[in-house]
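Going in written order, the chains are labelled A, B, C and D, and every chain counts its residues from 1.
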Amino acid sequence: MSSLALINEFLGQPPNASSHGYQIDHILEFCHWFMGALFLGWSAFFVFVLIRFRRGRHPVADHRGVRSGISTHLEFSVVLIEAVLLLGFAIPLWAKRVNQFPPGKEALLVHVIGQQFNWNFHLPGPDGQFGRRDVSLVSNSNPIGLDSNDPAGKDDIVTLGELHVPVERPVIIELSSKDVIHDFFLPDMRIAADAIPGSLIPMWFTPIKTGTYEVICGQLCGLGHYGMKGTLAVDTPADYQAWLKERAELAGGAQSAPPAPSPTPGG
Amino acid sequence: MDAATSLETHPHAAEHEHHELGWWRKYIFSTDHKVIGIQYGFTGLIFLFFGFSLMMLMRWQLAYPGQALPEIGKFLPHIFGPNTMPDGKMTPDFYNSLGAMHGTIMVFLGIVPLAFAAFGNFVVPLQIGAPDMAFPKVNMASYWAVFVGGIVMLTSFFVPGGAAKSGWTSYVPLAAVADTGPGHLPIFNGQTLWLIGFIFLITSSLLGAINFIATIIQLRAKGLTWMRLPFFVWAQFVTAFLLLLAFPPLEAGIIMQLMDRVAATSFFMPAGLVVNGAAMQISGGGSPLLWQHLFWFLAHPEVYVLILPGMGIVAEILANNSRKPLWGYKSLVFSVLTIGFLSFIVWAHHMWLTGMGSAVSAFFQTTTLIISIPSVIILSAFFISLWGGSIRFTVPMLFATAFLPMFGIGGLTGIPLAFNSADLYLHDTYYVIAHFHYIVAPGTIFALFAGIYYWFPKATGRKMNNFWGKVHFWPTLICMNVIFLPMFLQGMLGMHRRWYDGGQGWTLSGEHVWGLTGFQWNTPISWAAWIMGLAQIPFIINFFWSIKHGKKVNDNPWEATTLEWTAPSPPPHGNFITAPIAYRGPYEYSLPGRDRDYTMQNEPVEPSERVRRKTAEPVLV
Amino acid sequence: MEIPYTVSTRPDTGLWNAKVGIWLFLASEVMLFGGLFSAYIFLRLDAPPGMWPHGLLNVPVGTMNTAILILSSVTVVLAWAALKMRRYRAYWWYMLATISCGVIFLTVKLAYEWPQKFEHFGAYIKPEALGKYEQYLGNKHAAEKDLPPRLEITGHLHNRAALNDPNIKEYEVALDPLNADPTNPAMDRPHFFPLPVTDKIAKIEKEDVERATMFLPTHSAYFASYFTITGLHGMHVLGGVLVFIYMWLPVSKKLYQRNPEHLANRVEVAGLFWHFVDLIWIFVFPLFYLL
Amino acid sequence: MNNPPDVSPDPSEHEEYAHNVQKHVRGYLMVGAILLAFTAITVALSYVDFGARKANIAVAMLVATLKAGLVAAIFMHLAAEKRLIYRILLFTGFFVLGLFWLIFLAWYDYPVFR
């Protein structure tokens, strides 16, 4: 398989950092090999024909032209390859993405709430319970409208723009949005999904390399769309615990305010 | 219509018709399909150029984000308003307006009026041997609807807040909250005008589509059976059906979005939105995805509206210049019908990331891949048609041949997008931008240029200059590729579309690929776009100059076979002196045993031929 | 050359041009209303319990309007048949009847039904305050009877100023019978004849209100689709009426004398459109008024 | 029920055609009456409780479809139309159903986790 990886690198795709990403990359590679072969084959034929049958070289056209059924074979093989890609790779892969979420205990569950123009991350804290959220409670100091009366929410961690996760552990993200549609795209993790107001969209991945990665907002969401950047830090388990602790202390201090939302509200 | 159409029962009524029409009725409010076709053509070209100019502005911002645009930048705020380019520096809102309007104008006011309406109007009735369209007055109405729609769209640049800025897709809730609040007028704001303008554009397309279909069904000349129609007519026929049946659901969507904006309904908005820090006062209960379904139900068939007429034009020109029949005419017709049919059930491939489950995504992936097959068949048939030909590289032929590999690149790069697991990575990156521009820009636009050079003699009786045509072709071809090839690289890097800063602020666009960073690639792309702008000057001059001073030619300068070349150039009112009769198929080039290498459709079949080719039996209707 | 088959039929299709044209147009109309109805279905299926109102429209008036449209459909075929039999006078009268039906339909809609809705007021109570207004909502009773929860208090707003004036702290509403007497089993189903507003007045504190509006499109997904679909349908009726008026004016007589078949064709085409508009209403009526 | 034939251009034959059309007129009146009756039935049925709201909706839509079918078949002459018209409508019907069905599918096929 590794020989196949050529095309993606050649085209500049950044290295993969998640456990399922290789499968995505393989589909892309297969597609590009397939397209490349078709393109080169056709181009060769094309250039040959243009030269061989130009008027100067071939003054009298042949009324009937090609008689062989070669094109049928070609079309049939295109169908075949597409069918293999579809049935063998694409459909099973997607089914795994949306139907086989890692079991609850094993995975880290994060709520992600998009807003113009930032990402809010909501973690359940030590008790493992998410606090209740309500739009009517949303304010500058409480960007996700966490209910301070709900005991489950007392230890919740809310961060703006930056999420830490431990390496080698599945992460499930439940996406939603406060205002318009955003798209949570982690290019290095080969994963993306829209954050649509009014719905909850789950997605999951398992990071396999520590590092800091960019989160792109992949859907036009207003004038600050181009700068709607998040950070995903994949930590070693120890670093992750340290981060959790630091955050928990912050959260202990009566819902201390994360930084105010970005200064460029959209419309 | 009255006087003219009651002719059959009252022959003397025709006398009314033959008095001279005034200048206004003849050139402005004309019901003659040729005049209307030319009106559409000019409108389409002007909007194409306008859409291109918007793009050239955006390319400045992408290549040199935050820098003042020299010279022109000082001047633009006087046209578009002070908040667009203060000190020559583009604001994010203006960038978004330019992007949304570039997409909208190119698709709905550039290509559709040109490829579908202009060529369809001018060429189809001539090719089927009809005197005019079936409903000339409706035809005029459809032109004026597009005109009004265009004016409304243009007006929207000058209202407070500027033109629509939520992408050509106008996804809600963004579009529903855009251009509202203080500083915006209730109706005269960008997004509302976009919606209103759209209703006119839809009306125009619907009227046009009805007219085309009725004309092709009812007004075919004697003997012109379905399997003798030029491929271009087939392409237009299918295109018309796409417009007819796909546009109305979007119209429903547009009406609902308009209601959301002017009557504060919430068809597309759920409850509990917090915009600008305040909870929105709406009833909720709507769904943002409903809009996307209605939009893409049109917009996918729409992309075939953009390409099928182009394919039709290319087919005519390939046959004509290779001096040989199209290979596999029947499979071409079958493929184009299949594309038309399937294009209605693939739309959700634009919505892979909206949280789609496995069943629905499997369905749409399958249909999307199936629809690529007829495209492969069409392209293969075109290529194979060239084999054994005697190819003359006239200017139309240059553009038509270039169309093939360009469409090939665009179409092939649609394949990774069709798999949702691969599109997961590519969605809304420049890879998508490159994919569809390869189809619509060096694809469709080349087909249109080819068509203009090809049918210019029919419309004016003169030919466009050959040399300047070539000067137009080569730089345009090169620039197109310099513009769009690097975009695939940018897309693979992860660079996204609709980025105001061209990716400058992202570490990922700082990665090197093929010698430059993703961001740095913006510069050669932009320069190529501007140079391509210069390369259009020979075309524009050639076009206008040739109308008056081009070389005079006879009625059939390309020695073509289809019926439009039997009419005088330019054809008079009513097109043909006597009703033509078709005795044979559309591409009888290089028939063996004839002294000319082309046999026109209206040439009767000779007895000697009849023995040899049973199919040539004339069928009279 | 002149355009063929404007009046006579083309042999292979058996149709004249305008007939093909109108059917194509109707096909696009099917898709237009198809889009709207699919939106309606999804909004309705998605509506949370208690958020899709029933029985707010005037059934007798709706029934009458339905009958009027059906009648007009009959008169328009009769007008066409009269032309086919070359009886211009009969045609003229049938056409007049059709036009009148259309005008009555529109008048009822625009001068009576819609304004009546604009007069009505509804306030959605916040979930936490529902108990406070139990006497008007009767949710216990509703729960017992397995009815959807009642979240809204409706009636006529006495202090209209309250809508815009932030200093006024409560709405004074003359209640609809349902809210006046919510536990009465007679209120469990919508009534055939709409009951007039009672003189019982309720004071609703703005604090407790989630959203309060008149019965405008913005009131709910239900009224949004009601006004949009009936509005668009109304515009179709208006268009049809205008075309019929043109065909009924003296100019039509001239065409009749010159070529009666041509006029009959035109009436047939316009009639097809009119029947289609009727057909849409046949679905609109039960969907919005009855169910 | 067939459509009235086209009127012959020959005036001498006119009487016969007029008579033919006259026969159809009776049919139109009858259909009108049936439609009115169905309207009354729909209204009445909506006050009958069929147990579930869904049942009521189904019944009402059934009656409406019958009515619409009558209008289309008789008033709009679809009972005896040319093949071409049927084809156009067949396509349209297919696409509307596709629109409804696929949006419906997409609506209920969202990934559920937990």
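Rule of thumb we're sticking to: contacts are C-beta pairs under 8 Å (C-beta built on N, C-alpha and C of every residue); 3 or more make two chains touch, one makes a residue touch a chain.
Here the structure is a predicted model, which means the values were calculated and not measured.
Across the two candidate interfaces, A-B and B-C, the one carrying more C-beta contacts is A-B. Note: the chain lying farthest from chain D is A, by mean C-alpha position. Chain B has its Cα centroid 32 Å from the Cα centroid of chain A. Per-chain Cα centroids separate chain B from chain C by 38 Å. Per-chain CA centroids place chain A at a distance of 48 Å from chain D.
Put simply, the C-alpha centre of chain A and that of chain C have 45 angstrom between them. Touching two or more other chains at once are residues 84, 91-92, 95, 99, 103, 107, 110-111 of chain D. Of all residues in chain B, those that touch two or more other chains are 9, 217, 245, 249, 287, 289-290, 297, 355-358.
Counting partner chains per residue, chain A shows two or more touched chains at residues 98-99, 199, 201-202.
Residues of chain A touching chain B in their complex: 8, 11-14, 23-24, 27-28, 31-32, 34-35, 38-39, 42-43, 45-46, 49-50, 53-55, 58-66, 71, 74-75, 78-79, 82-83, 85-86, 89-91, 93-95, 97-99, 115-116, 135-136, 138-140, 145, 178-181, 183, 185, 187, 190-194, 196-199, 201-202, 214, 216, 218-227, 229, 261, 265-267.
Across the complex, chain D meets chain B through its residues 9, 84, 91-92, 95, 98-99, 102-103, 105-107, 109-111.
Residues 1-8, 10-13, 15-18, 20-21, 24-25, 27-36, 38-39, 42-43, 46-48, 51, 211, 213, 216-221, 224-225, 227-228, 232, 255, 258-259, 261-262 of chain C are the ones touching chain B in the complex. Residues of chain B that touch chain A in their complex: 91-93, 96, 165-167, 171, 173-174, 177-181, 269-277, 279, 287-289, 322-325, 327-328, 353-358, 361-362, 365-366, 369, 372-373, 376-377, 379-381, 383-393, 401, 404-405, 408-409, 412-413, 415-416, 419-422, 424-429, 488-489, 492-494, 496, 498-501, 505-508, 511, 513-514, 518, 589-592, 597.
Residues of chain A touching chain D in their complex: 98-99, 101, 104, 172, 174, 199, 201-202.
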